[in-house]
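For clarity, chains are labelled A, B, C and D in written order, and residue numbers in each chain start from 1.
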Amino acid sequence: MKTPAAKVDDLTSSEGALRLDRFHEECAVVGVCGQPEAANLAYLSLYALQHRGQEGAGIVSSNGQALISHRGLGLVADVFNENIVRRLAGTSAIGHNRYSTAGETLLRNTQPLVVEFALGSLAVCHNGNFVNADEVRKRLEENGSIFQSNVDTEVLVHLVAGSRRPTLIERVIDALAQVQGAHCLLFLSEDEMIAARDPHGFRPLVLGKFASGGWIVASETCALDLVEAEYVREVEPGEILHFSGGEMRSLRPFTQVSRNSCIFEYVYFARPDSRVFGRNVYEVRKELGRQLARESPVEADIVIPVPDSGLPAALGFAEEARLPFEMGLIRNHYVGRTFIEPQESIRNFGVKVKLNAQRDILNGKRVVVIDDSIVRGTTSRKLVRMIRAAGAAEVHVRISAPPTISPCYFGVDTPTHEELIANNLDVEGIRKYLLADSLAYLSQDGLYSFLGGPAPGFCDACFTRNYPVSVNHDQEQRQMRLFHALEMQPGAARIPPRS
Amino acid sequence: MKTPAAKVDDLTSSEGALRLDRFHEECAVVGVCGQPEAANLAYLSLYALQHRGQEGAGIVSSNGQALISHRGLGLVADVFNENIVRRLAGTSAIGHNRYSTAGETLLRNTQPLVVEFALGSLAVCHNGNFVNADEVRKRLEENGSIFQSNVDTEVLVHLVAGSRRPTLIERVIDALAQVQGAHCLLFLSEDEMIAARDPHGFRPLVLGKFASGGWIVASETCALDLVEAEYVREVEPGEILHFSGGEMRSLRPFTQVSRNSCIFEYVYFARPDSRVFGRNVYEVRKELGRQLARESPVEADIVIPVPDSGLPAALGFAEEARLPFEMGLIRNHYVGRTFIEPQESIRNFGVKVKLNAQRDILNGKRVVVIDDSIVRGTTSRKLVRMIRAAGAAEVHVRISAPPTISPCYFGVDTPTHEELIANNLDVEGIRKYLLADSLAYLSQDGLYSFLGGPAPGFCDACFTRNYPVSVNHDQEQRQMRLFHALEMQPGAARIPPRS
Amino acid sequence: MKTPAAKVDDLTSSEGALRLDRFHEECAVVGVCGQPEAANLAYLSLYALQHRGQEGAGIVSSNGQALISHRGLGLVADVFNENIVRRLAGTSAIGHNRYSTAGETLLRNTQPLVVEFALGSLAVCHNGNFVNADEVRKRLEENGSIFQSNVDTEVLVHLVAGSRRPTLIERVIDALAQVQGAHCLLFLSEDEMIAARDPHGFRPLVLGKFASGGWIVASETCALDLVEAEYVREVEPGEILHFSGGEMRSLRPFTQVSRNSCIFEYVYFARPDSRVFGRNVYEVRKELGRQLARESPVEADIVIPVPDSGLPAALGFAEEARLPFEMGLIRNHYVGRTFIEPQESIRNFGVKVKLNAQRDILNGKRVVVIDDSIVRGTTSRKLVRMIRAAGAAEVHVRISAPPTISPCYFGVDTPTHEELIANNLDVEGIRKYLLADSLAYLSQDGLYSFLGGPAPGFCDACFTRNYPVSVNHDQEQRQMRLFHALEMQPGAARIPPRS
Amino acid sequence: MKTPAAKVDDLTSSEGALRLDRFHEECAVVGVCGQPEAANLAYLSLYALQHRGQEGAGIVSSNGQALISHRGLGLVADVFNENIVRRLAGTSAIGHNRYSTAGETLLRNTQPLVVEFALGSLAVCHNGNFVNADEVRKRLEENGSIFQSNVDTEVLVHLVAGSRRPTLIERVIDALAQVQGAHCLLFLSEDEMIAARDPHGFRPLVLGKFASGGWIVASETCALDLVEAEYVREVEPGEILHFSGGEMRSLRPFTQVSRNSCIFEYVYFARPDSRVFGRNVYEVRKELGRQLARESPVEADIVIPVPDSGLPAALGFAEEARLPFEMGLIRNHYVGRTFIEPQESIRNFGVKVKLNAQRDILNGKRVVVIDDSIVRGTTSRKLVRMIRAAGAAEVHVRISAPPTISPCYFGVDTPTHEELIANNLDVEGIRKYLLADSLAYLSQDGLYSFLGGPAPGFCDACFTRNYPVSVNHDQEQRQMRLFHALEMQPGAARIPPRS
């Protein structure tokens, strides 16, 4: 699924500053089959995967004869209630969390998408995006297709419906052969469920199994943990799993290509307690922190994380550097969507409503602060100022990943080149902007130190510009265009001109 | 637009009993162009046309470069507020009210439908339905089309998008040539508005003109009155009006067929203050009442209407019969959607919460009660019992139309044959069921007495079974199927099977 | 219960114009005891009495051991649902509808008021207001009492709690002896219900009886009709009904004074199907119309009512004048709270969104239009203009009551002297302002023609300035002060300074 | 402010299990004066103090002439928006967060309480409760007072209103002399603000100062940090601060008694980044962890906290024990109010939706898990089972406080004696119930090791039953009675009896 680039973070804006100055994951998917309460298990899975998308959620179940659907804007806990979950009857269900951006929270963009076509009803949900979606869409429109949303998924469904193959599984393969990019897809018909992961394996997708029978496919293992499914393995890149008549078949219809799993899942996206691409995320992050300490040590008194994402790397750094680890920044657990700032404005307001710097811990100390990335730099600058205002003698910033210099086109919401501070300034320039005493990033090689060997199989284009799939020149343009679409809400949409 | 047959009226159910035991109009449309506040005028028009549909409402405006849309469930006053109307900028706009049924209030079925296709953006709204929609849809699906709603309008839009003609107006004509049935349609693109009425002229559609320039097309003249547009004329059956570049062109691309305007608009659907098919509705209804008095006089003391729809006919009857007209039944003006009935149930509860029979007026009187139709008979029976319980010595029911014996397939929500009491019982049988002292319907000839001559040009199939367009055998089946569509939405429920 | 004077009706404001230019009834009360579903019957009664107050509603029931309460802002149908009604267990319940004004819809002013005091719990609801409330409140505050609302009821409850008498009924009598003004009061404790009507009998209150046992006390008989209670009689002026242990006792502890029932209940407030002060309201209104025709006949073609309140009087006028009665103005049944008017404003907008003048009926006709009152005159002027714009040759306004020249201080929401047009202009002056061809009011004597004899027992101070209870000079001042209290909502209140 | 005892935690209930099995702080207060945007600063302070109460929030401001109030149910971010904050004009404001329990979220219990009395308007908010409230209330009721809520604050306001002293400050002192117990109180009139802390100093209250002038009084320093106020000092036990005419006066009208500040603020209630009773909470908690390691060491592989409250103590324990600190339990950051559990129930569901045990970290390890308290034990048992299910070889539970054996009557919501597991079982009994390999609590002496000396000045009655104020025998009874109050509200339910 495709979503626009992140909103420009205004230095004076307080809303969501901390969250916005990150890359953003785009959506979670889950599919459950062979379980009498499939929708309830899908609901809990979406709840565990909420960090991957907060804009909207949806579940479609099949009772064997018809699809039953419910979608809504907001968090999983707001979209569903007991009545609704109970009405989503049937032994199979697919669900979706959609990533939240400010301007385009539209119900009609919420997934799963449900259509009727020649073979019956079909529900689809999607994590990722197709780099050739515009091209395919243009071709389809020329042949008389109509589009009711801006999501790539609709393009794919047209390809499935337009295929001349007799069965759903063949049509899905047919359709997937025509698109390029990142995707984890789940399809549900009255009597079949299909899971597909793109040949590069950009986004994570795992397979689990219930002790009482039945299967689950989900973006991360934390969903399996909550519903007590046993982790079986990753869905392999290029693999298609076909669940039908109580059986699971694995298909690999596409030519094998190099694996390019997203390294940023380790750096920031995934939940630390998930197993992603075969490894525990928390442990990888700790190792990134250790490696960072080895590469860029610093004479200091304490190591503090930017909570919560920087915590594992900070533990690793402190351990390796043999420095005390402290919670120098305390999170407010009740952060809402908006804060009303007085006109006589408060310094570092956007950060301060979320984090408080502890004077009693920081005062007079030389502080190493560990974060996982710097995107635009605005939030990091506020953090450094806030730590210093709490009395820190020195502030040393250590980032547990290389500089982010290039946008992502594979299902992640990133700023444009111009907005990425590391694309415009060198490390010293960034340090000056942050007003830090020192700044160091993890090296490109260090990033893969956790492997204990060579590093094949990852996409690190955001650090290197080495895109594993050739990216259309118009791609960045497209992200911008979608982003600028003037939409109204809720239940409203402004359809942008088709330039 | 197509909506399923009315919900079975349970004798013990109190909700909406009075409304449900009617035929129901299905939707209103309005289009405004050449006016700087087009959306505001469309909004007021929908408000004036609210009686034609209460389920949902939507408006799409064009600012010349893009379409801006807002739709929602509920009444016009709930769906729109000042901010929304202001954001619907532009000098042209189309709008739609959707008829309200209990179980299927789905946002995705709300109109206007907005799509993108090869020529750009297109918004469409529709009052009526296509008798060959299933057939066309099947053909489209076989060619790879996908459908996201159950409304006929989506079928039509596929035909427009699939046409090979170069301009929108040609494609619309192309598409309309492939469908049969009743329709009043409005299309809006970035720079054109198109209004079309089917060759039989089933549903009403009128053209108006603003003193300050610009045009309005709407289902009834009461919309024109509110926005101070001057009534010009009906949009003629088979006529297509093309508004573009400040000009209006009239096209008549189709072979002329006999006119078959819906007689039930006079009997019940239209607002009494509207001019429909060239006549004032209130005056037609009074004449129906007069003719009824001529045909079926009765020795009585007072004439009372079933408010409010029976009021004009009751005035006509009283005038002709030289009997006193009284408001023997008083309406509660604050009728909500639900009433909580005690377990020790109240007699005639469903009717009583809406109407109160005045003992001081009715006691000891021989009463003629005038209504416009009897559909299932359940509500009429409660009314007769209630009037009698208030002391009436005799209750004589007079209906200002012939017996309704057959469903409508042209954009009206009617029960099936089995549910229509007049299809199952003769007049004496109905009288017994109603427990009335006498019962008379208007004769088929009397129905047209207001014309003062022969009666060409009307569809009265609900009274005669003479359908002017051959109706597919599956048509009634289809209404049932749509009704069973399994779908949930915020605030919506899966529709239970009807057995 | 006390509510401020009506909001000044801005000529350019469209919101609620038609309603605002009336006097307004303030609240309905109902009490049910000895019935297993007491709260459900109270709920239905409030629903039938909704016309007396739309701001908020509340019910308190007693299960014999504790009071259970639910109150909310809005219409009865919005405030209650099945779950809530079910939880209001017990065999007795009292309920209240509060009249709706724009600026002060505060939950804390919603009734019944529930307190704990020395004898246990007590719920109270009140229709009317005390003319000496300020004085008593001042005295109570000086003795250390605190107040949490602006309603008179709280004053009364303090008096009950402060009484030294041992039983609730004695304390209620004690408290009532200290207040003057208009009231219909209902008290509910764990095991008693008390109904009281002030000695002048300003506001209506009736007693009914259930066939299955138990009693109901309500503002109007239309409530009894809906719940199938038999009308027994009025609660007499000065009477206190004490329901306890399955018995009803009637007490008359106060010196008898002259009866002064509100004549405006007949003119406008009460539902036409109610029996008020022993007479059917609809029939009284018809007789007012007949008398008006006798007093001020006019050469004309048709008689039309301002719907719905003017309908009975118009029927009476037409009958007496032997002129045709027509519905020349048609009501929109879907009037919401707000309408968004275009900037290029529509003539008579505020009236037009509610009523449409039928050109086909009015064109070329000499029209008599019947209304029940003219308050500020702004709405009437719009009506006359609108009727004329629809082609009427002449417009003759006939009012079925004398000119309203003075505010009410007995539980009715009225404008101040300055705002009442009849206080500022003579009949000819008003006629000119309305742009009518003629104008006539009912005479003061004619107002009582329906009695067929002398007219003792009514308060007509709004027509005559003969206030039956001496009104404090500060009383009008007080209405204004309360009205200007700056309140925020919901759940918000700005407490005005206590000048 | 007084709230009933915590809801019984059903072993099978999933809702809020983790939170419910704690003691609960009851409310936060804040007062700001001498600042042009007082309400905005109060709003931000409440936001920083949200952890002390989530049921409802309210702010009352004074513009010098009148009080302006807004209260609502829910979180601060939900109760207030920009418009509301803007309308709360004036240079002084007081605010309140109310603690959230399941069954009694009543708007009328939300604070500040606003009344009118002989001296004008008065707003009050309160953290704490009066042990002799029932007695005083009974006396007041006997003298004719009425009560509209169940909060102790209303009792106090009656005492203020009933005082015969001429000024507000004298009346406040008069009233406070009549109550015993724990309180931090803020009073606001049109032109004065008063802050009062009870002589024992049970609950925390601090004084801060704005660089631009003006003062703030708040429950914890984290509020001062967010609004950039400088910490001045604690409000001393028994001290009354009187803010009037731009001046602050300190009064100490009461006999000095021993200080008894709540030790549980350090153990669990306060935010770790707050300075409470003169010490940084985070550092005290770390020291509690260190002392625990010294007292009850264990051979183990890793130390893990129960996040987030156990984190500082776990860091201290790991440091002292020289064991690796790991985040073995990962928190879901999107915990909502409800979760829908499948019928085929999930093991440890209530805990699992909030915390996930990391198999990759815990597998095969001997684990020390650090928590701050065990209340009923049900949640702790689930935690132990969950850690073991994730593969832990041994699970050693260490609690950074002594066993909680007795309820609190000084403003904290605690279970009754019967529900406290440590009141019923010895440590070995609890260990068995938890299924832990070992269990140790901090010793009573160890609890005060952070002082580095004797420990005067704390109330630790929950650990020792040494109540510093004699507690009425009816006190626990009273908590029960309040809990049974029958009342419903929008969104609230009648509270069921507790048997």
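Please note the rule applied: contacts are C-beta pairs under 8 Å (C-beta built on N, C-alpha and C of every residue); 3 or more make two chains touch, one makes a residue touch a chain.
Keep in mind that what you see is a predicted model, and the values were worked out from it rather than measured.
Common neighbours of chain C and chain D, by the contact definition above: there are none. Relative to chain A, the chain whose mean Cα position lies farthest away is C. For the pair chain B and chain C, the distance between C-alpha centroids works out to 36 Å. Taking each chain's centre as the mean of its C-alpha atoms, chain A lies 48 Å from chain B. Chain A and chain C have centres, each the mean of its CA atoms, that are 60 Å apart.
Chain pairs recorded as touching, per the definition above, are A-B, A-D, B-C, C-D. Of all residues in chain A, only 36-37, 40-41, 43-44, 47-48, 50-51, 54, 75-78, 80-82, 85, 212, 222, 225-228, 271-273, 275, 280, 282-283, 308, 311-312, 315, 319, 324-327, 330-334, 336-344, 346-347, 352-353, 356-358, 360-361 touch chain D in the complex they form.
Put simply, chain D touches chain C in their complex at residues 65-73, 79, 84, 87, 107-108, 110, 113-118, 120-121, 141-148, 157-158, 161-163, 190, 486-490, 493-494.
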